[in-house]
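Here's a structure for you.
Every chain is named by a letter (A, B and C) in the order it is written, and numbering of its residues begins at 1.
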Amino acid sequence: MAPLLEVSDLRTHFTSFGGSRVVKAVDGVSFALNEGETLGLIGESGCGKTTTCLSIVGLLPPAARIASGRIVFAGEDLTRKTQRQMRRVRGRSIAMILQDPMASLNPLFSIYTQVGEPAYYHRNIRGRSLRQRVQDLLRSVRIPSPAMRMRDYPHQMSGGMRQRIVGAIALAGGPRLIIADEPTTNLDVTIQAQYLDLLKDLQHDTGVAIIFVTHNLGIVARMCDRMAVMYAGKIVEQASVQELFDAPKHPYTKALLGSLPKLGSKEPLYAIPGQPPNLARLPTGCAFHPRCADAMPLCAEHEPQDAQFGPGWTARCWRATQLVKEAYDRASA
Amino acid sequence: MTEPVLEVHGLRKYFPVSTGSLLHRKVAWVRAVEAVDFAIQPGETLGLIGESGCGKTTTAKLILLQEKPTAGAIVFDGEDVLSLNGQDLMRYRRSVQVVFQDPYSSLSPRMRVGNIIAEPLEIHTKLSRAERQERVAEVLELVGLQPDVAKLFPHEFSGGQRQRIAIARALVTDTRLIVLDEAVSALDVSIRAQIMSQLEHLQATLGVSYLFIGHDLATVAHISHRIAVMYLGQLVEIAESSELCTHPLHPYTQALLAAALPSHPNDKRGRLTLSGEVPSALAPPSGCRFHTRCPRAMPRCAEEVPVISEVASAHDVACHLY
Amino acid sequence: MSLTTVRPAATEISAIAGPLSWLRAGGGWPVLPLGILIPFVFVAVFANAIAPYDPTEPIPGAKIFEPPFWSQGGSLHTLLGTDYQSRDVLSRLIFGARVSLIVGVMGTVVAGSIGTTLGMLAGYLGGWVDQLIMRVTDAWLALPAIVFAIFLATMVGPSMWNIIIILGAVYWTRYARVIRGEVLSLREREFVKLAEIAGASRTRVIMRHILPNVMNSTMVLASLTIGVVIIAEASLSFLGVGVPPPEPAWGSMLADGRSMLMVGDWWLTIFPGLGILLVVLATQLFGDWLRIRLDPQQRNL
């Protein structure tokens, strides 16, 4: 079956000063997502994960534009669409959940108005069916007494509830894909756990696919089927979550996993030396090589290409490719 | 048993809030910190964990004397801090420092890094300029930065480097205790591990103690020797860190552990049985403040406030179950 | 607001400012204002060397009310004509520039010093100090500036330094208000708290942490105030209570020449008027550029 979303060699550039300076925020990103699947897009600040998502929904800031690549969603190339056409896609087929619920909700409008809006515009639901739909949505995100709370305003709700309302708004248009950009970063730990459980249940009920953008490997371990690790605008490794946690191939993935504190263990954490790269001044060759424990001279000269390590498992690393090749040679010898 | 560096006894902080209309002015009290007791030994890290509204930030402010406690005592090296004046107070100030969460507003934007770090020396010592510079170079190396960055300005550094500078500043005088208030929460994951290793190394070398305040249990448990759990202003459990993670006694701690994110996809933790939200600190529940959300609440919990007591070796809990 | 959002500190992407982008023509420098101000300052400083004649003495052998050299009856000896005492208009213009510059700059310095200090004290110390300073500021602001200046000038008598102090005393309020606002938010910033926790005295915190961070705003305010002070000085001179004669000042030149406008002797008023116009315009434009340059978020000054 064809994937729901297929991103091919996406490149998004930020230009400044009339074109004199170009920052390649997204530099050749490719991945695919099937119906009902959850993909974790993981990386640290500046790696390009948010820009990738904004490229998909067509909400890039004025200084940015998609330089090349295709984004095929349900058979249509989104990069070819005008803003007017994208408005039919956003909210209806693709929805977004952002980090700060206070910024996502309009303080002047009631919950009913905001949750109902996507259903009103995209599904043409009106009147009593609209009220019913809003109540159903609020109930599905576990807001108690939905009929009463519909009339409330955002400032009357707590942070956790607001984020759940944002989830309800995302679902209101009946999307096939939800992009959640760090949705739980501002929430308390127990509220976060409740929220993630809720998302999992909703996904089970509605069959929606989710792209989870985060820097937190724990969320990916909990929520995602597949994950893609980004660094300096490229995907350096992608595979199923099980495969990547068990046997990561790329040194950055290994380093990220090694720097995660494990509950109850006092094992020293692996601290990646150096700083995240400045996108305006990237190192030659592989962008990660200055910080890589396994770097070879080749890494400084040539950018590694995607190599296949299994069905659906790719990584961009000379060392990893070399190791696989050596293992293969040994096995055939 | 050595003398603790810092002890707090029965620390309370209530904030007045005026409610009611113009005609009926009422004063309500936000009970931000309610009878907190703990001690920090030399060279030890005490983790302080809890969710928003638990009072951990207020506790830090009390220790740093940014706020005056409503009741209770803070004892440093055997002396009552709240009655200190003049020189003695200055001695406390140079022994207890803090590193805040936001690396982008912790450093004075118009001062050179060397001067920022040297400021406590200027305030507390009579060292000459050359001596100060020497000490600054010393601490810069201790935190893993080159000594010649002293002449640069903060905006030339990344978040992780700025936190290192903040740590250097906290160490420059003869510091005994550093309060780390979510000091690594705003950093990227890879940088976080760097800073935590650095902190552990500094503790091993200098014997400085830390009060590590955080919200991520895995991070706090990793760096702390003991952990204190707070809920709505009260200390509910305090134990050695791996003991707390493997045998949590208080239902709230158990909930925190169940809510913690896994480190591996196979790490199934079971669903959280905790429902609802944290009640308001203006009108906290009677008796045990957690009883409204506790899956194992008993009638007694609504009436009587549980007292924190030692239930197992070095493991204190405030719960009627024990 | 989460603190894990990306900060652009270390990277170099910057948005292009929309309005006033023509100011960036010439590589980002404010060409027009500097083109006016630099010659102005130069002329004012080197007045002695540049002016052809003594501005206070009548030129021997010249007629009164001689027009500029390009009109009929004018001569190349008196390029911009002469006034009612056959003094050279050009020389008076040049020396008047000096007066405007000195009074403008020094008056701004006095106003800025008083206002910034009071603003910082009010903002940082809070409490009754804040209340007191703010009430005084409110009361001061209620007084109409020029009228008050006139009142003070007639009380203390005219001299250049008196005028400088008076103008400083009249215009400090705008600094106090703005700086106080900045200090209120600055004092909640963590680096200030860190200094307090480290045991820094209040004086130290103000001098080392607060003052350097309000200097940006002070400088922007200063560049915007210079124009206002120059106009105020010109107004005072025009009304006869400014810098006393025979010292030339653009305002008094305007006053002297006003009556002759009716008979067509335009050069006595147009040139000083143009001088005031151009200099004040240039300082305002410069101040605007400075404001955008130093802190693009500060649009509301």
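In this text, contacts are C-beta pairs under 8 Å (C-beta built on N, C-alpha and C of every residue); 3 or more make two chains touch, one makes a residue touch a chain.
Just so you know, these numbers come straight off a predicted model, no measurement behind them.
Visitor: Among the chains here, which has the CA centroid at the largest distance from chain C's centroid?
Guide: A
Visitor: Between A-B and B-C, which chain pair is linked by the larger number of C-beta contacts?
Guide: Answer to which pair has more contacts is A-B.
Visitor: Would you mind pulling out the distance in Å between where the CA atoms of chain B average out and where those of chain C do?
Guide: Averaging C-alpha atoms per chain gives centres 50 Å apart.
Visitor: Roughly how far is chain A from chain B, going centre to centre by Cα mean, in whole Å?
Guide: Centres of chain A and chain B (C-alpha means) sit 32 Å apart.
Visitor: Would you pick out the residues of chain C that each touch at least 2 other chains?
Guide: Residues 4, 10.
Visitor: Which residues does chain A have that touch at least 2 chains other than itself?
Guide: Touching at least two other chains: 45, 215.
Visitor: For chain B, which residues are shared contacts with two or more other chains?
Guide: Each of 158 in chain B touches at least two other chains.
Visitor: Residue numbers of chain C touching chain B in their complex, please.
Guide: 3-4, 7, 9-10, 189-191, 193-201, 204, 208-209, 212-213, 215
Visitor: Which of the residues in chain A end up touching chain B in this complex?
Guide: By the definition above, chain A touches chain B via 44-45, 158-161, 188-194, 197, 215-219, 221-222, 241-242, 245, 255-256, 258-266, 268-273, 275-276.
Visitor: Okay, in this complex, where on chain B does chain A touch?
Guide: Touch residues, chain B against chain A: 51-52, 158, 160-161, 188-194, 196-197, 200, 215-219, 221-222, 242, 245-246, 255-267, 271-272, 274-275, 277-278.
Visitor: Across the complex, what residues on chain B touch chain C?
Guide: Those in contact with chain C are residues 64-66, 89-90, 93-94, 97-98, 100-102, 104-111, 116, 119-120, 123-124, 155-159, 166, 169, 185-186.
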